[in-house]
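Before I ask anything, let me first share the structure, which is written out below as structure tokens.
Should a chain be cited, it is by its letter among A, B, C and D, assigned in written order, with residues numbered from 1 in that chain.
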Amino acid sequence: MNHTQHYTLCFSCPDRVGIVARVAGFFAELGGWILRSSQHAEEDDNRFFMRVEVRADSVDCGLAELRRRFATIADECEMDWRISDSAVRKRVVILVSRQKHCLYDLLERWESGELDIEIPCVISNHDDARGLVEWHGIPYHHVPMGGDDKAEAWAEIERLFLESGGETMVLARFMQILPPALCERFAGRIINIHHSFLPSFVGASPYRQAWTRGVKQVGATCHYVTAELDQGPIIDQDVVRVGHGDSVGDLVRYGKDVEKAVLARGLRDHLEDRVLVNGRRTVVL
Amino acid sequence: MNHTQHYTLCFSCPDRVGIVARVAGFFAELGGWILRSSQHAEEDDNRFFMRVEVRADSVDCGLAELRRRFATIADECEMDWRISDSAVRKRVVILVSRQKHCLYDLLERWESGELDIEIPCVISNHDDARGLVEWHGIPYHHVPMGGDDKAEAWAEIERLFLESGGETMVLARFMQILPPALCERFAGRIINIHHSFLPSFVGASPYRQAWTRGVKQVGATCHYVTAELDQGPIIDQDVVRVGHGDSVGDLVRYGKDVEKAVLARGLRDHLEDRVLVNGRRTVVL
Amino acid sequence: MNHTQHYTLCFSCPDRVGIVARVAGFFAELGGWILRSSQHAEEDDNRFFMRVEVRADSVDCGLAELRRRFATIADECEMDWRISDSAVRKRVVILVSRQKHCLYDLLERWESGELDIEIPCVISNHDDARGLVEWHGIPYHHVPMGGDDKAEAWAEIERLFLESGGETMVLARFMQILPPALCERFAGRIINIHHSFLPSFVGASPYRQAWTRGVKQVGATCHYVTAELDQGPIIDQDVVRVGHGDSVGDLVRYGKDVEKAVLARGLRDHLEDRVLVNGRRTVVL
Amino acid sequence: MNHTQHYTLCFSCPDRVGIVARVAGFFAELGGWILRSSQHAEEDDNRFFMRVEVRADSVDCGLAELRRRFATIADECEMDWRISDSAVRKRVVILVSRQKHCLYDLLERWESGELDIEIPCVISNHDDARGLVEWHGIPYHHVPMGGDDKAEAWAEIERLFLESGGETMVLARFMQILPPALCERFAGRIINIHHSFLPSFVGASPYRQAWTRGVKQVGATCHYVTAELDQGPIIDQDVVRVGHGDSVGDLVRYGKDVEKAVLARGLRDHLEDRVLVNGRRTVVL
């Protein structure tokens, strides 16, 4: 991430001649100093994706005006687009169950300033992590989900998320299946870390599944949550080598390191507006 | 691999107190200098696995006598066991279709002495690789498999394999599904390289499947062939990182490097009698 | 790690015929159920290394008696040896400077029970981490090291380490060079995580050195501390891919994940008595 | 690589506002369909790097005219630049010593069409590989280098390279140190694969050096050759895990796989005009 204040434009649109020229020309006219720019053309469905970081102090207008002016090009090119300001911290709500390794990891990154975000609250179906979270000065909400009817709990979680101004919801090993309606309402805003190298070992106990199948590497996958379990677009994934001598418990332990690293990388890509979804695939610019 | 001539014992048996002491004591009495020894206990089904390399010149008897003497312990402990002599080259028959990268790779390892084996022949359903193989002084058999009834072709392949004294059959990207009866007849002796990180993307066009799913790593798996397609015990597997900018063709290209390395490692483990099968898992000692 | 209570024997000695038989025979006579055993022969200097885990409840005597009886074999074979009891928690003192990612990581592993150790105290040359450490119920000692003469500070650290009954000292990104005498006094007991793939980029600012050299992977190395800076025997190391677009800050960030994972793996190997030092090399059984 | 015929522009120049707009605008005016574009700004020395692939059939002029027209922008922006045509095969001369694994690997990639290049000849200081190379229909030159005075041999190699119209020289495990003058004459055109993870283990016997130091991973580095031994800009590198049980010979064997893959990737990046050198660093677009 660039530490100079910058605006980040990202968009996708039908591919045709001249898009880069239009966008680059637009910024050049404003005196915009481009810090970073990347693009991708998906040939199969003729779609174009682009992301541009431009120094805020090089542009002769504010964010609102920048958006207003860019809208003309965006309309002409039929873009899905957004422009964000690096000076505005994103608001990330973390959901967690009993396992706390991803939570510790995110808290350290937040505490050290590596993750330059607001964490308005942490939500959990257990009360275990309250002390740690509150010690960090972050509000903690315990929403029990023990019973058969979880609808009320989910409604409460949604209310807490909205009330806290949450933009992104991170399931940092939150071992509960989200209701489809919630997934759809916040499409592209809920990030999960699944403890397997998807599409292998969907669902429960993936490390035990991996052990039983005798694979020689285990992994983790960071993906957007969709209504279909563990089928959302993959942002990042990685693996680690294991052997016949490793028990299920050893796989769990090795996997924790991969989970933490992959979730952190995927979340960061998301927060830096690098991830554009294209059906079941992601473009990470 | 140790280059001193050695005998390799490997076995599995029900676990109980004293097995290592029996085996180590047996060799110590013969004056056997142990070069390498490794073992594994599978707690779930209480089975013990062991592999020992002993210097041939330290043992005061020949291989036949060694086997005869060891049989007593083996019987008592209900072992599945074998003893091999590193001075006897294993006979490996290679099957290949149109793609030749694994073939080139194996030929180089054989030519340089890295793989210290006999290759009595190469068999293919195409005639493309004849020149390269024969230039290396290895007989080449073209067995067309175009028609609907492949039974005759498979019978011919089996005949060629047996006639050439083949012990191990390597499917070095041989894009044909083996008849179940053949798989069973040569259980634990047929090695395949599948071009995906199993259990993901079984069957045809795994790289296209991987691209469509948008995974961020692609891999390859070396496994024993069983009657169930791509479900055999895994010997080795590895992956390589890919991104949204990589086409299916790029995945194929990256994958080739992984396929070559994984097949070579898995084959070598097999040839050095390191691999013991336990149901759907392998123990690689 | 096996969760059944067990005794772990590890030793090295001059290699000769019959060592395994002696050791395995010794345990068999006691009715010892071997959970795990591994060995290694270093041909270059004819030295043999072995590690055995035996179930505590299968041996018909206590630890003291076990040691007494084993001493006979150990003497005959000229072994460097030790036997530990998995039920006795090792005492690990953590030293840390300003960067807290390794500290957070170790605390989480301790809190979740993954690392089954005692942490009698954390020592730092800064006061930053006090709150976090004390929140975990662990004593925190601030030993400033700002001046030119650090001898007094080091004496204080040594005193605190000994007073707390510390067995292992972990430099979890403790950015101070240890006095040679201290390194020698606690040889094989001080573990450091260096933020480069040694032997590349010894000393200060390894990520900047790596960036300047334009390497395409950065890494981290867990090693025993010796009097020679960053030259001690390596326990574990790993790398992560980087590219031209990554700044020094990005390298630092990627590196953190590798540091945490490598330190945790190396420390665990050490605590499970898997690591035997042989000159500048380690044998990790 | 894109299989549609395309022109590839790559350049570096002092960074300033408007470069992308100028370049993209230039192509848009010609109707140029951009297949791929990537750029990088090196903040430390304020230099900008860019690479653009444009469909040949979308541009309304030929290559010569394209170059002529672009020269105006290039001059204004003080660019180091080149435009190449994907339809023109690059000419790559391979140098090899006794070890043939990289040679086999490159020949397979060439034979299968993966590497779409001309190989006008292979040069070696041994005669071992003649048969294999000539079987592929490629001329082979044996230039002995046994004596003390190698100047004549190097002059002969340079003559053969130039005479064959060679553009890129690949040292595919050519175990001879190039004279500085040659390195300078063909700066950015000679690619070497060094069998270590540079900057570790420069010079001779890197695997033995690695073994002696007890590292836990070994690697390979593909780099441009400069007058200073093993110090040239790195194009790509990778590693593979090793352990205490691996002999120097095992390290050599594992390393071969990394060498082949890294050389192939680095060479391909070079041939696709992706690599721009910036002092001791490379930008791989």
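Everything that follows uses one rule, which is that contacts are C-beta pairs under 8 Å (C-beta built on N, C-alpha and C of every residue); 3 or more make two chains touch, one makes a residue touch a chain.
Treat the numbers as computed from the prediction; the structure is a model and nothing was measured.
Novice: Can you list every chain that touches chain A and also touches chain B?
Specialist: Touching chain A as well as chain B, we find C, D.
Novice: If I list every residue number at the interface of chain B and chain C, are over half of them used by both copies, so same, or under half, so different?
Specialist: Over half shared, hence same.
Novice: Report the chain whose CA-based centre is farthest from the CA-based centre of chain C.
Specialist: Of all chains, D has its centre farthest from that of chain C.
Novice: Could you tell me the distance, in whole angstrom, between the mean C-alpha positions of chain A and chain D?
Specialist: Each chain's C-alpha centroid was found; their separation is 36 Å.
Novice: What are the residues of chain D that contact at least two other chains?
Specialist: Counting only residues that touch two or more other chains, chain D contributes 36, 245.
Novice: Given the complex with chain A, which residues does chain D contribute to the contact?
Specialist: Residue positions touching the partner: 17-18, 20-25, 27-28, 31-39, 41, 58, 241.
Novice: Please output the residues of chain B touching chain D within their complex, sorted ascending.
Specialist: Going by the criterion above, the answer is residues 1, 3, 36, 99-101, 104-105, 107-109, 111-112, 114, 131-132, 135, 245, 249, 253, 256-257, 260-261, 264.
Novice: Within the complex, which stretch of chain C touches chain D?
Specialist: Going by the criterion above, the answer is residues 40, 43, 197-201, 212-217, 219, 233-239, 243-245, 247, 280-284.
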